[in-house]
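In the two assemblies presented below, chain A is common to both, partnered first by chain B and then by chain C.
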Partner chain A sequence: MLGEDILDPYGGAFKVTKGMSSRWPERVLTTPISEAAFTGIAAGMALRGARPVIEIMFGDFITLAFDQIANHITKFSMMYNGGVECPVVIRAPMGGGRGYGPTHSQSLEKHFIGIPGLNVAPISRFHDLDSFYSHFILKESRPTLIIENKKMYGQEYIGTVTEHRIFNVDLKGGPIPSVLLTPVSTGKADVCLISYSGGGDIAIDAAEELLMEHEIHTSVLILGSLSPLPLTVLEEAITDVSQVVVVEEGSRVSGIGAEIAAALMEQCFHKLRAPIQRITSGDGIIPCAADKEARFLPGPKSVIDQVLRMPGVS
Partner chain B sequence: MYAEGRLTGTIHTCIGQEACAVGVVTPLLDDDIIVSNHRCHGHYLARYMDIKGLVAEIMGLDSGICGGIGGSQHLYRENFYSNGIQGGMVPAALGMVLAESKKRKDSISVAFIGDGTLGQGIVYESMNIASLWSVPILFVIENNLYAQSTPISLNLAGSIADRPKSFGIEARSCGNDLEDIYATAASMTEYVRNERKPACMIINTYRLAAHSKGDDTRDFDELKHWKGNDPMLAVRTSLGPLADDLEIECRHFVDREIEGIDGSQGNHGRNSG
Partner chain C sequence: MIEVRLEQLDANSEYSVLVKWNYSDLAAVSLDDMICMVETSKAVVDILSPASGFLVQGLAEGDALVTGDLIAVVAESEEEARTIQKELRSQDKKRKKSAQAAHDAEENPASTALNITKKAKDLLNANNISPDVFKGMALVTERDVKEYITKNTKLAPSAPIVPSGKTNRVLIVTARVGGMQVLDILLNDPSVSVVGFVDDDPELSDSQVWDVPVLGTFKEIESLWKRDLFDSAIIGFSSNIETRKELFERCVSLGIPMANAIDPSVRINRACSLGQGNIICSHVHIGFGSVLGNNNFIGANSSIDHDNKMGDHILMGPNCVTSGRVEVGNEVRFGTGIFVQPQLTIGAGSIISSGSVLTSSVPANHVVKVNYSQRMGPK
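Right after this comes the complex of A and B.
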């Protein structure tokens, strides 16, 4: 495990590594503020059989390691014609809502989903933590970028459940499943909201209000993988719904929603009854001020408004 | 104010490092450029004495210097720029003074970084180019012995001064004392201005408050020792009997600046020094 300020008693900026350095002092390496270097060091370790995990303190700083990820870590295996593997696991806390402003609140995962050879996996509150992390750390042969939404650190962990609030919860696909929530009352839905990580909470709040206040049956699919996209799971989730909305915290253009929309059109155009809609953050940077940030980031209200605007719904 | 919900996000104060800001900024000319980092409040105040604009910015108000959008660590005004990405502003400081040099012959730029930021490769890329191209920039390294929770012993190998020197950049160190910092900064900025060459000044300082909001894991005795070396104490002593009056005057000044800043009650009586 490598990263900045990850030793006890501090245990990392978000306390995720707390306790680890006391338990495994030789295996937890606190690094200088050198994202490019320690990402590259992890690459070297992985090339020689180790299973390194690195923490990017704020996901925003992953830009400093971009070259190591795009031109090194994800290149080695294919460039050396399968002769090597480089299964580095990169953990990156993304997302806003905490007033950290333009350089400490972004959701930059969209810049990584197009890098061949890289898994991009967003953890949610519904994923089994143990199997999620141990899969990528111990079993994967490819490098992985794990997206952790910062807000989740302060939230209650839900884990694998069969019901949540007014929804049935099903795990779909694998090895890392996506999570499908459907209204208990009907077991099916007219609108499907697709999201991941912290965006799942926005979608769930919106889906609940859409049912309770507007009688619109809405399901929520929380993806377990952004790259590769679980196409079969996506197709199943949107089958028989009249509207599909992708909810993401990042910026709009060339985002996760754009990729999902394109992929669904290729995969199952005939099943789509209306254009896929995207709910994203605004066009600009994430303000520090709480009120301005709240207006800038997507929330349940923006999802609900979008659904109500759609023709053929409600 | 965090507890009251009047502040959100994070903050990095310069408590204990005030002399770095005042000592370095005082000898600068109006047209000189300053780039700063996450710990930028002191640098900004030393430059513009704009308490109102800074506090409003930190509180996320429209009247803040960046409309509350930048917040505590992303400040801009005239010739002053800060950003929260460690090391990222250093090349910009080179670029700005290269552009300015085309317009006037005497402007320089100053880049503040912390000891921890010596971990960033871009700092050395910038030092190399600054020396190679004779860029009139003063690198100011505020060595407060820590980067967030990490002591310098786990962050930095070798000597700080040898780094700039290995690029052929003039380097000098000074202590956490206003007179010392000012004298060093005055002569080094003069060197940079006249010789049109880079230089590097290393200030051996210490932060007396937490890294950001409240995360402090440092040794209590060490902290106590450095509290005795608070540069504000030395300033107080040198002012003699004037100190008390001046402090009262400063507090009034601050109170006036922030009175009713967000439309709520003023801050009278709060510790704003």
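Right after this comes the complex of A and C.
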């Protein structure tokens, strides 16, 4: 485990590694402030058979490691024709809602879903933490970028459940499943909201209000993988619904929603009954001030308004 | 007295846990004594006494708390502390009682506080139905209430609405043109299998229409039903209201659920409701909030705009257009190509002839004829 300020007693900016350096002092290494350097070090360790995990203190800083990820970590295996593996796991806290401002609140995962050879996996409150992390750290041969929405650090963990509020919860696909929530009464939905990580909470709040206030049966799919996209799971989730909305915290253009919409059009155009809609953050920088930030980032209200504007939802 | 409340300790924590009290209840404390420890998602934080006095604990060890919650009170005198303690304890008891009630409700679904959607609530209130009838359900929607109302109405005491999407064996009553119209619609629905027709026409007995057999006469509906050969029926007649109604009521009295036949090109908007046994032909539009009763026939290309209320056994020819908030009584017969202005009422049993443009309401049992001349002769 490598990263900045991850040793005890501080235990990392979000305390994810707290206690680890006391228990395994030789395996938890704090680094100078150079994402490029410690990501490169992790690449070398992985090439020699280690299973390194690196922590990007704030996901925004991953731009400093972009060269290592795009030109090295993800290239080695293919450049050496499978002769080497480079299974680095990169953990990156993304997302806003905390008043951290323009350079500590972004959701930059969209810049990584198009890099061949890289898994991009967002953890949610519904995923089993143990199997999620152990899969990527111990079993994957490809490098992985794990997206942790930083709001989740302060929230209660839900884990694997069969019911949540007014929804049935099902795990779909694998090895890392996506989570499908459907209204408990019918199990059927007229609108499907697709999201991941912290965006799932926005979608669930919106789906609950749409059902309770407007009687619009809405399901929520919380993706377990952004790259590769679980296309079979996506197709199943949108089958028989009138409207599909992708909810993401990142910016709009060339975002996760754009990729999902394009993939679904290629895969199952005939199943779509209306254009796929995207709910994203605004076009600009994320403000520090709480009220301005709340208006800038997507929330349940923006999802509900979008669904109510759409024709043909009954 | 001074209240000690949980401040926002860091930017990440939405809730914290009181880990340990360092002073017991009613103990004397001095300014800046560390009275307790609170654990956030980031760290354990010491909570200091804001004054000298007597401590009243507001929470127990292990309790979760959010920003702004009361942790403790520091009273000026021991007496004041005892009064405050009493007050907090009684509040706590009440809170625990309601928490226990909520817990009991969860254990015992019969007393669960129901999740009822807004529309369902409105419908329950409008129909004076107690929500208690839905005890034990995880969620009550408008559809549940409507189903309840349908089940408990006189017209169809034992005929539940056939939910769409379920495999459904359907019997069509009449194999003549109306029945063929229904078959033509139902063949588009892969979840439906049409098991056959019944018809009194001796020429049709033992014949087939588009590979679907005629199984018997109208009399044999009952025996076919008792042999469990179909799940629901639909009346095909599209020209005679009386026959439609008579056969519909005969089926319902046998306890047969009546199927709707809705062409896939039909557009039904939000908040509409539909009874049973309706035939809705291609490219019909039904605007939001409209309500259709049972056993209606709506001809192709007709448009029923928003908030219409349509009764039962209505026959509507092709290309009929009603504007918003029109009300149509039972057994009204529309011809072809009719326009109805907004908010008009057409009374039960009336006949509106083809080409009419209605600008005023029609009382029950009236005929509207159009007075125009059409001349024809050799070129």
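Note that in this section the second predicted complex is superposed on the first by the 313 of 314 C-alpha atoms of A that agree within 3 Å, B and C clash if a C-alpha of one lies under 4 Å from a C-alpha of the other, contacts with A are read in each partner's own complex, and residues count from 1 in each chain.
The rule is simple: a residue touches a chain if its C-beta (ideal position, glycine included) is under 8 Å from a C-beta of that chain, and two chains touch if they have at least 3 such contacts.
Just so it is clear, the model here is predicted, and its values are computed rather than measured.
Asker: Looking at the superposed three-chain arrangement on chain A, would you call chain B and chain C a clash or a fit?
Answerer: Here chain B and chain C can both sit on chain A without a clash.
Asker: Angle at chain A, chain B to chain C, CA centres, as a multiple of 10°?
Answerer: For this superposition the angle at chain A equals 130 degrees.
Asker: Just to be sure I read the superposition right, which of the two partners does A:14 touch: chain B = first, chain C = second, or both, or neither?
Answerer: Second partner only.
Asker: Quick check on the superposed pair: does A:160 touch chain B, chain C, both, or neither? Answer first, second, both or neither.
Answerer: The answer is neither, since A:160 touches no partner chain.
Asker: Using the touch definition from the top, say if A:98 reaches chain B (first), chain C (second), both or neither.
Answerer: both
Asker: Quick one: is A:211 in contact with chain B, with chain C, with both, or with neither? Answer first, second, both or neither.
Answerer: Second partner only, chain C.
Asker: Just chain B (first), just chain C (second), both, or neither: which does A:185 touch?
Answerer: second
Asker: For A:150 in the superposed arrangement: first (chain B), second (chain C), both or neither?
Answerer: second
Asker: How many Å separate the nearest C-alpha atoms of chain B and chain C in the overlaid structures?
Answerer: Minimum C-alpha separation, chain B to chain C, in the superposed model is 5 Å.
Asker: Once the complexes are superposed, what residues of chain A are shared between the chain B interface and the chain C interface?
Answerer: 98-100
Asker: In their shared complex, at which residues does chain B touch chain A?
Answerer: 8-10, 59-61, 64, 67-74, 83-87, 116-121, 147-150, 154-156, 215, 217
Asker: Quick check: in the complex, which residue numbers of chain A touch chain B?
Answerer: Residues 4-5, 7, 9-10, 13, 30-34, 36-37, 60-61, 64, 98-104, 285, 287-292 of chain A touch chain B in their complex.
Asker: Given the complex with chain C, which residues does chain A contribute to the contact?
Answerer: Residues 14-15, 98-100, 150, 153-156, 166, 183-186, 188, 211-215, 217, 312-314 of chain A touch chain C in their complex.
Asker: Residues of chain C touching chain A in their complex?
Answerer: Listed in rising order, the residues are 11-15, 40-43, 115, 117-120, 137-144, 165, 267-272, 288.
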